[in-house]
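Okay, so chain A shows up in both of these, paired with chain B first and chain C after.
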Partner chain A sequence: MLNITLNSIKISLQKLKKTLFSTLLNTIISLVIILITCLVCLNTFGWLLYNANWKVITSNLPLYAFGSFPPDEQWRPATWIISLLLLSIVTLFGPEWKWLRKNLISAWAGTVPLGLYLLYGGIGLSPISSRHWGGLTLTILLTVCSSLLSLPLGIILALCRQSSLQLIQKISSIFIDVMRAVPLIAVLFFGQLLIPLFLPVGIEVDRVWRAIFAFTLFVSAYIAEDIRGGLQSIPRNQIEAANSLGLNQYQIIRFILIPQALRIALPALTNQSIGLFQNTSLMAILGLVELLGVGRSILANPEFIGQYIEVYIWLACVYWFVCTIMAILARHLEQRLTINQANF
Partner chain B sequence: MEPILVAQNLTKSYTKGSRALDNVSLKVNQGKVLVVMGPSGSGKSTLIRTFNGLETFDSGELDVLGIKVDSTHDERKIQKIRRRVGMVFQQFNLFPHLSILENITLAPINVQKRRPIEAEEYGMYLLSQMGIDSHAQKYPSQLSGGEQQRVAIARALALKPELLLFDEPTSALDPERINEVLDAMRRLAKQGMTMVVVTHEIGFAKDVSDQVLFMDSGKVIETSTPEIFFSKARHERSRKFLNQLDKN
Partner chain C sequence: MKRSKKIFLQLGACIIFISVVGILINNLAINLTRTGLGFNFNWLFKPASFALAEHPLPYNSSDSYAWALFIGWLNSLKVIFSSLILATILGILIGLARTVKNSLLGLISAGYITIIRQTPLLLQLMFWYFVGFLSLKDDMFINIESIFRISNQGINILGLTLSSEFAALLFGLSIFTSAYIAEVIRGGILSVSRGQWEAFRSLGISEIKGLFSIIIPQALPAIIPGLTSQYLNLAKNSTLAIAVGYSDIYAINDTIINQTGRAIECFLILLISFLLFNLLISNCMEFFNRLIINSKKYN
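On to the complex of A and B.
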């Protein structure tokens, strides 16, 4: 065992010698680069350990997580986030029981109403207005609700774009093209500033839902294109086989086309939701106190003024952490779906 | 003798000038097997695909199980036909995202509205008939070509069809896999299933068919019993085709 490790170290050292120190010039370049790298690392770690003042993070942890949610009720968003984390762990490392695997999808779907119930309150819980939602909770809520709503909308748009009815096909094409030609921030401004003007007096949609609405419109256009790609790569003979079995148009879409298109589009779809998660940070500009918004409001506090670097490093870590979990979950899902079907 | 399938003067052209089907007429009676032969591009596939409405035709009349269809291609009548006619394709066309059993029960449950348990039982029965019941929970890509084609036959049988259409069912198979599919088709014929089979398998046509229809460039050249067709075909064109097949 030890011999093998020693050997492999020897081999990698030889490789290093070959690649980095083969000639005099290479050796000089290598040494200079190594020196610079060491200095950068030294400075960075020195700053991280001795100069940085992490109090701006540690004393505000609940703020990052929950925003201005009333402290007595913060167990509610905490429960939600922890349940999401637990569900991720079960999904990734849980046992291979059939009933468990079957019910995981419903469990994931159930986290959305659970989250909304815990945040809004209502039956048995004191109601809390969405003005107080914030931090990571709000970021996750925006992501989850928007992706969940934009998936069906995207599927409908993709199907409409393939429709033989000219009018429907044109409308959905125009919608998709417009959404893809406009920057996200413009759509978000539209959601925050213009929708209240358009709505009749007396009807009010709160800011969080206006944001979710805008994200849904924007993302669904991209999802529609991903799914259209999936639909187009399904061979025509699948439809013929379904036709010959007497399935009608609706059944073919429901049982043959959409399941296959979703599987093909899955990598692109997970990309969309990870992108969406990061793009929710744009809402900080528009006055929602989500994760980045919390960071900005903390920086505005005189007590922590000027501690940009600590805050942004911390925020980057949180975004990185959540995105990594999302990516791992997505890869897991892809693997599961391809285990059975080598051709996909 | 009740005719199951009657085609009268079917004509179809994809592009102006060339005819995929040229005045094709034929009749298949209850319990009979019709084998359609012909060189590639002769319109065999187009012909068999008109029988369940996968292809339209420009003129002529079609009577499948008493349901009359003309060139207007009435969607509702076509649906009625498809519920009673099964089809097996050259490329199997199984649904890759569904397990073998789900492939078979999809149509019975959703088209015929049968109870899932009942449909699954019958599906398992069909799979055991085809000798592949041990694969019920697998997915199509895990099966060999011959096995996939037998699943496709079971899928077509699941709707309890009164007529089965086979569009070159063995052309995409390895030579050593062809017989397992042909054997399954032989058994079906013995059980009295009415079948129309597009194929190049002479052995199968000799053993099983009641009639052989030979096509070239959209026209029916001749319709004979297999005994006559394979020993003393009436037309020069048919003899030439058979010679060619023998050489291969």
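On to the complex of A and C.
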């Protein structure tokens, strides 16, 4: 036993020597990197442990998580976030029971109405207006709602752009190209300022839904292009085969084109949703108090003035953590889909 | 599908589309007359009466709105092109660091890419501005007698002064984009088959010379399209300048909307200016692409 471990250590040391210290130049580069990393790590850890004042984080934790949600009702968003986390854990590490795996998709889809019900209140819960939503809860809500709405819109746009009807194809091409040419902040600004101008007098949509609408318009154009890439990579003879089986246009789209295009576009779609999650931070400039907005308002508080580094590092960690969870979940989904393909 | 059915469907779609757009424009017209704004561009030639901290051409607050917008356009162009160059240099270095044999270098650059790509750009920009520049002592951070000086006033290199807003934006955008460019470069280099590496090694060509004269020329056709889309993203991301108070085209439009309420007109101006930026970048890259293809033909 001991011999084997010794041997494996020896082999890995030899490998290390080969990759790090093979030539003079390599050795110099490796040594310089090790030196710099040690210095940076020592300095950072020293600062993190002794100089940083983490009170700005620890005393404001509920604010980061829920914004100005009434304290008595904060169990509601907390339940939602915890249920999302639990669902991720079950999806990743849960048992491989067939009934569980089958119902996971509906469970994921169910989180959106659950979240909206818990936040808005209504039947059995006291109603809370969207002015009080904020923090990580709002960030996640914006991400989830916009990506859920933009997926079908993106699919429709992609299909329209591939359509043989000239007029429909032109309209969707123009929409997609304009949306992809404009910066996101302009679209969001459009959502906040101009949507009320386009609505009839007397009808008002609240800020959160206007933001979700703008995000949906923007992201669906990008999703449409990703799905179009997927559609184009499906070989032509599949459609011919479906035609010869007597499937009609709708059936071909529903059962042949969309499932394959979605599977091919999945990595790109993951990137879009991670990008969307990060881009919700732009709403901090436009007046919603989501995660970054909370950070900004805390920094404006005279009690915590000037503690930029602590707040920004903490926010970066939260964003990084959620993005990583999303990436891992997506990779898991990709693996499952490829396994299914091998079974056929 | 039958021809008659096609025409029928298109007509239907056309009617729905036109009626929806018509209703929206009708609402807009009602709302604009209600607020008493109307739709015209006469205000462009009135004095802007706001000051700009940075202007490459002479500007004062009695100049017209149109001139202020043009200054904003130039400011945008300035930050886009300077960070484009810096991002490319950084991205190439990091992308190459990921492909070389030294695993420590690969680890460091992979860590850099994940950290930069998994955090929002806006947060990074604020970090560079508030932590990187504004929290420096009034005096200096690095001060080498009138050659290179970093302080909360910005950067000063040999008499060339960069304001702290511009410098923060430049660093933030370049570092963010470089992580994406590095991935594009790595993808391009990986797309060249392994046999090419083995071939030049067996010919006794050194690693660095082989990389630059054999691998990269073959990787370029795969790199250029990805690079173009990253440059376009960079141009769009430069609008986040408003978060650090740099007066680019978007920030100036924002100020004008706050002053005059001309949201629709300003939105159109923003749209057209981004169309111009996009055309400029994609045409330059197309030219570059053709240059590479042509140079290949003659070899």
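Following the convention adopted for this analysis, the second predicted complex is superposed on the first by the 304 of 344 C-alpha atoms of A that agree within 3 Å, B and C clash if a C-alpha of one lies under 4 Å from a C-alpha of the other, contacts with A are read in each partner's own complex, and residues count from 1 in each chain.
Keep this in mind: a contact is a pair of C-beta atoms (placed from the backbone, for glycine too) under 8 Å apart; a residue touches a chain by one contact, two chains touch by 3 or more.
Just so it is clear, the model here is predicted, and its values are computed rather than measured.
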item	value
First (chain B), second (chain C), both or neither touched by A:Ile256	first
First (chain B), second (chain C), both or neither touched by A:Ser59	neither
Of chain C and chain B, partner touching more chain A residues	C
Partner chain in contact with A:Ala284 - chain B first, chain C second, else both or neither	second
First (chain B), second (chain C), both or neither touched by A:Thr44	neither
Partner chain(s) touched by A:Asn243 [first = chain B, second = chain C, both, neither]	first
First, second, both or neither for A:Ile185, with chain B first and chain C second	second
Overlapping contact positions on chain A, where the chain C interface meets the chain B interface	none
Chain A residues touching chain C - in the complex, by the definition given at the top	19-20, 22, 26, 29-30, 33-34, 37, 164-168, 171, 178, 181-186, 189-190, 193-194, 196-201, 249, 274, 278-279, 281-282, 284-285, 292, 306, 308-309, 312, 315-316, 319-320, 323-324, 327
In the complex with chain B, residue positions of chain A that touch it	237-238, 240-248, 251, 255-256, 259-260, 263, 340-344
Complex interface listing, chain C residues touching chain A	1, 6, 9-10, 13-14, 17, 24, 27-28, 30-32, 34, 101-105, 108, 115, 118-123, 126-127, 130-131, 135, 236-240, 242-243, 250, 254, 257, 263-264, 267, 270-271, 274-275, 278
Residues of chain B that touch chain A when the two form their complex	52-54, 79, 82-83, 85-87, 89, 91, 93-97, 99, 106-107, 110-111, 138-142, 155-156, 159
